[in-house]
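The same subunit A turns up in both complexes below, where it pairs with subunit B and then with subunit C.
What follows is the complex of A and B.
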């Protein structure tokens, strides 16, 4: 063999599809040219709870270009029991305001929209309940929490240890509803031909969409093909099939023509999932040096009456810091609201906001530096499972971040630094996220011309996954990357799990590397035959055989804010994150994931809030002008670093996943910095100027 | 959305005649607000008369000082105009504090003045709004009203006017040139926008079909000595939570003259006459500025979620005037 090629892994590389995206040639779900295409428009329920008593479509059908109106009275039947959130247009029941109760299909988008406006629906309404409260009469204990964790845990005797602790902290934090808001809305083009269904869907995983559509429509899975070559983000909300793909498939069957259906920005606030509001009580009992003896995290969140979703808010507290006596609980309330779902780091994100804020409060109470407090409470084995960690570099992240941030020079006194009208403060928070892998399949094929094609049904939702897999494949094949092509985003490819849980590169990469290694092995003995040579592998057995270890990525956030003493406006001068995430395959896209997550945490801390109007039972600020998401101007300097971390007990790609850890703890670091700047502790996000204005120190 | 006709008139006369004959027609400027509202079903014109081709796109100096701004001058062009930047920097500052570069490239001067409230209930046809549908009620009055009015509202409507430019223009005594079927006339900008009263659906004093052709700014010797402070929930691309436009003329330490206007507090840009009156002729101090703001805000009636706007506007007033006084040319 020739000399080993230069490794692709670890090198900066722009996204393979970057040029297609910025020049507009990359196609998204409703952008493929389709002959004879029609347009679907989803009609939201204007009642919060009740039943449809009458639907009058006469005015809609009179609009020129309108072809049909589907509703529970006439839509094709779906198989029940597959996914209750997708059992659409089957029953007259309305579970929440905005639930899709009809679809108008027309020759043009505009006619469909006008037709949707003219559908007359009468409802028999019932009293609704849409506000989460800790005293709600229907508070209950779910059997498990997402994605299968125990609902409650207890080690030792929390109550006794807390009562005996020298320093006791008992605080409650609240977070509002957050809405995922990917740039590309949930959108689908669906067409039926000869009993087969082809959809282009904006999804984080076309394999589960294929399986779900097959079940709903009673089809053999191989007759359903789902393509998601380019996806404009999801942040979790496209991690499972959502209403548009079902509505488009129903409509296409009804009118026997292809249907394009995209949700509006307004329609993304609810029906496709959101992060539940949370109410979190955190109790910490510690000695005077800040060593935690007792920790308890009680989390309350909401779900819908359609389907249970239990955010695993307190799970973060189970494994993050030491402490012999510990307890976590989760309680849910079923409300007349849309079903909450995954949003970037479900559980860890809101949970870390509460715990990392409480640690800051404990540091203040004990007079211990908040970095040092976290170091003192580092765990040597997973306090939850008792298992050893595959690697745990939280302390190294804290130390490296403190060094880069000049943390040692910090005066811990809150409200002590002032520059003109600005009150200046800094804050820190820890972060962790599970490093999981799931089984996947992949093929690697060699062509006689010396090129290779690697196929895996990964989904690149804008993260750079396609590029990272291509780099991993090139190194596993030991060939220059320009001889390797990668194909993702099509259910006809070897099945693989969704882009979610920060386990995409770990899971898909595992299968890609094994396929490439096996192909390379085969090619040691044989030349590539004229028809090419393909190997396919599944990692199911290997993933199942993983050693039982606690596997986590870690991080530390450092933030400087300034608060306007006259107006209460909070501006972020600097965010700095240091992460221990295993190997970084592509620094270009990794950095984007990390700073994107950090900014999203800033957005959570200062800006985002779904404002519920109880009378209507929905969120009234349902567009990007009134639901504020942080932009580039909201952080003046942002830096992400990672430690060199070689963890042999992860996966062949030796990665821990980077899609979510950036948002974990980020909001707490901002909130802690606001407290340091002002002396004011805001425990209900977002930290808006009106919550600070009358509490700021006089100039 | 409703099917509509589209027409580009040859001149102002044709434009005005068209709208006069068509009760459901609307003028189209940059479309940055109207087109959104049409998609949402909030506005449903059956004819759009696109006035952006009319020769109303220049900024001219007036013979005795002052400025005339054509109705279709784009916000970006107005903000960047050398005369505006030199003589009326308040306009540039207000414009650049608003929207985004892309929106400012499209939005026109008159369109900016005539944009509709961003009250979330107005923009949602599934919610009650007297402005959108008279007689249906005001959901905002007892709903989510943090961003809404503290001054001049009525039980029928608590909306605010969203423009930054209008706040600056009203401080500068701008006059609006209007064409309607009766001919040309002028309206002081401060009289263009209404308080909601019994008719929140009427936002301006213009009858249907009246076309704003330009905005005139009279000469003001201390126009360069100005500031525009805008508070918003994020650093850019957000409507004001509260804003203050101010220009100050000090003689020694005494306030010779002053212009003060508030944004995001009422159904119209709010010229703070009472505060100005409290300032004129008195030796300037921060305490005087606070008293002046208090005089203006004495009439404030905060809603359940926006009581903070009173101290916010007070603080902004003090900061704006104090900064101008500190930097006053002597």
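What follows is the complex of A and C.
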């Protein structure tokens, strides 16, 4: 491979759309100028389970400006069997409180909102069950877990090895429901013209939205266009088509005018998904030096009665550390609740909290330094598949982090360091996340004036994808980047997978690079014709032909906390992460993503908690005043570093993905630091001061 | 602190009122539904979509604008109460050709990812710097009588009304510090 004459990849570069975002000109889903626009307002069910017996819309229709009320009795029909969470306004059945059962359409937002308040709905209710517990009668074993992993795995003989182990640890960790809460609520503008449907949607992938809308409305896919140029965050919750896009399309068809429909903040706590609460039992059997012989991770989470979602909570444990005898299981409880869905690192995030906490407990039990304990249990081949790793730099991350954090000076005794009223502690955790790629299509076009346009239906939800792909394209074309334009965020562009699973840059970049390489090849022998020259490449075959290897990104988190000895308040002094993520295309945006993930881990450890009202199966703290996410004052010092990592067995972009690994393990590092500061082990997140207060060492 | 009349005149249908509002230096005569918030008036009537709706309840700061020079959450104010008042939104921060120093610093420090909270962060930062210049103390100010020293802790405290789920916080603080230092 010859080195390109210019190099955009690896250089710091401000994101391409930065100017649009700081001047307020970047348009999000309900911000496009639309003639004759109307406003939709979704109406949630007030019953938890049952049937709508009567809908009275008279008062709503009397509100000046209200145009129509859609509900199961009058809404346009959708094709069944496409996606049960999107089969909206079709049946009188209510599956959970908050499910959307009507939409009011009006000339103004104010009229739509007023109208929604006045819709009268009567329900025939049925008994419901909404609380996850390990002994729930509906506990069952799903066939697979997200996104297709085996439900249970076993190697060796865990029970015997655990029974024979010198040191045994058997602990249970719990995490509550977490709500993604992107700052831009899920929102859609929909309009129909001549049988064609155009939507602007706040989504992580407009190709799947296009496909789903086509199926639901019985349309050829090419008559549906979905645009998602700027998206105000998603964190998984916009990773599949969600209610607003269907409701807006239904409403626009019904009133035969364009409709803008944005969910309220309160409506984001349920119908669009959330991270399931988990109950995780972790057992570790080790020798006195902390070498793990037996590991078992049993995870219980919840799903709904609408659709199964099985969080892959214990999957992290399958491949992270060595140990000959191992077992993982997943069980689900089916409840009358909204369907859980992806939230940043589904599975790995809650699973790593449990395993990396358990490792800390094992280190304490064995009297081994927790960094050293992880190094001792490093795996040489994937313990799950037996395959070699394409590269595995967990130990290097731990060592580099320890060096930067001055870990060597740490006194391991819990509760030993005090500064005035503050108890000080430090904690560590490992991290890993799969490095996957999926097929995508891209085009590269050369113009006679020496410029290029590269097109791929990637989505930039704030990740910096647009900028990274532009850098990759420039290098693959071997031209200065200022001659290259990149287009993303429109289903009219060549189809590509969602921004999710940390595989965006790997998947889209693969197609972009191949298209650019082919174009460059073609231009070796011919000049650009007057009409330009375009090549299109799909990576389907190449991605399918990838040789089987265990491909993972790795990381290590180091955290220092201070705990108020009088009040139990926990503050995070410092978070430091070191990551091995393949090549970093744009350090500017990569750092932001890693820091963002780490901060979400801090938020998970200390602040976030969906509080369920058992009577209704809905969260009482469904807004940003009462569901706490970390704010500016919570993040004092945070650093993200990465190791130079060249892994030739990944993808042409040579990246492993960075959107998720920052959150994996970071909550455990905080919890481990709290234990070191106080001697108190909190095994149910978040670590609120009331859980610590009675147990703090006396001053 | 303010000038002009408080509330607009009722319009003919008694559900709306007429007001004059100056936005980014331009006067607008508006007849608005009495229920319309300043945020919705900006976004839906004046098509100034730079101000964002993150919660509509005063809990996130995405809708922050400057009203007669002070930062406010525009989702919490009924527009018809603002007759004769002056509003500056994110669209009014840049000069005709160039970004304001704060906007340029946000780009340079990558002080955002998705950008949805960004207009609110910028308007809030602008207002915050003026509050500091007037030596208004915050919850973390040690000496309430001394001039405010704009430390990282002060910036973090004063910017905590603006949530950023992408968690660009450290870069936001750095960008603001840069601008404050250059003043």
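The rule is short, and it goes like this: the second predicted complex is superposed on the first by the 694 of 699 C-alpha atoms of A that agree within 3 Å, B and C clash if a C-alpha of one lies under 4 Å from a C-alpha of the other, contacts with A are read in each partner's own complex, and residues count from 1 in each chain.
Everything below uses one rule, namely that a contact is a pair of C-beta atoms (placed from the backbone, for glycine too) under 8 Å apart; a residue touches a chain by one contact, two chains touch by 3 or more.
Because the structure is a prediction, the values reported are computed rather than measured.
Undergrad: Which holds for A:630: it touches subunit B only (first), subunit C only (second), both, or neither?
TA: In the superposition, A:630 contacts both subunit B and subunit C.
Undergrad: In the superposed arrangement, which partner chain does A:110 touch: subunit B (first), subunit C (second), both, or neither?
TA: Both partners.
Undergrad: If you stack the two complexes on chain A, which partner ends up touching A:46: first (subunit B), second (subunit C), both, or neither?
TA: The answer is first: A:46 touches subunit B but not subunit C.
Undergrad: Once the shared chain is lined up, is A:669 touching subunit B (first), subunit C (second), both, or neither of them?
TA: neither
Undergrad: For A:464, select first, second, both or neither according to whether it touches subunit B, subunit C, the two together, or no partner.
TA: A:464: touches subunit C, not subunit B.
Undergrad: Regarding the shared-chain residue A:230, is it in contact with subunit B (first), subunit C (second), both, or neither?
TA: second
Undergrad: Is subunit A touched at more residues by subunit B or by subunit C?
TA: C
Undergrad: Once the shared chain is lined up, is A:21 touching subunit B (first), subunit C (second), both, or neither of them?
TA: Second partner only.
Undergrad: Between subunit B and subunit C, whom does A:33 touch in the aligned arrangement: first, second, both, or neither?
TA: Second partner only.
Undergrad: I'd like to check the shared interface: which positions of subunit A are touched by both subunit B and subunit C across the two complexes?
TA: In the superposed arrangement, which is not itself an observed complex, subunit A uses residues 64, 110, 114, 623, 625, 630-631, 633-634 for both subunit B and subunit C.
Undergrad: State the interface residues of subunit A toward subunit B in the complex, per the touch definition above.
TA: Within the complex, subunit A touches subunit B at residues 44, 46, 64, 97, 110, 113-114, 117, 266, 421, 566-569, 571, 606-607, 611, 613, 615-616, 620-623, 625-626, 628, 630-631, 633-634, 688-690, 693-694.
Undergrad: Which subunit C residues qualify as touching subunit A in the complex?
TA: 15, 33, 35-36, 40, 43-44, 47-57, 59-60, 62, 89-91, 93-94, 99, 103, 106-108, 110, 112-119, 122, 152-153, 155-157, 159-160, 162-173
Undergrad: Help me check something: in the complex, which residues belonging to subunit B touch subunit A?
TA: So the residues of subunit B in touch with subunit A come to 1-3, 39-41, 118, 120-121, 123-127, 139, 143-144, 146-147, 231-239, 241, 306, 308, 311-312, 315-316, 318-319.
Undergrad: For the complex, give me every residue of subunit A touching subunit C.
TA: Interface residues on subunit A, with respect to subunit C: 14-15, 17-28, 31, 33, 64, 108-111, 114, 181-185, 230-233, 235, 262, 264-265, 461-464, 588-589, 591-593, 595-596, 598-600, 603, 623-625, 629-638.
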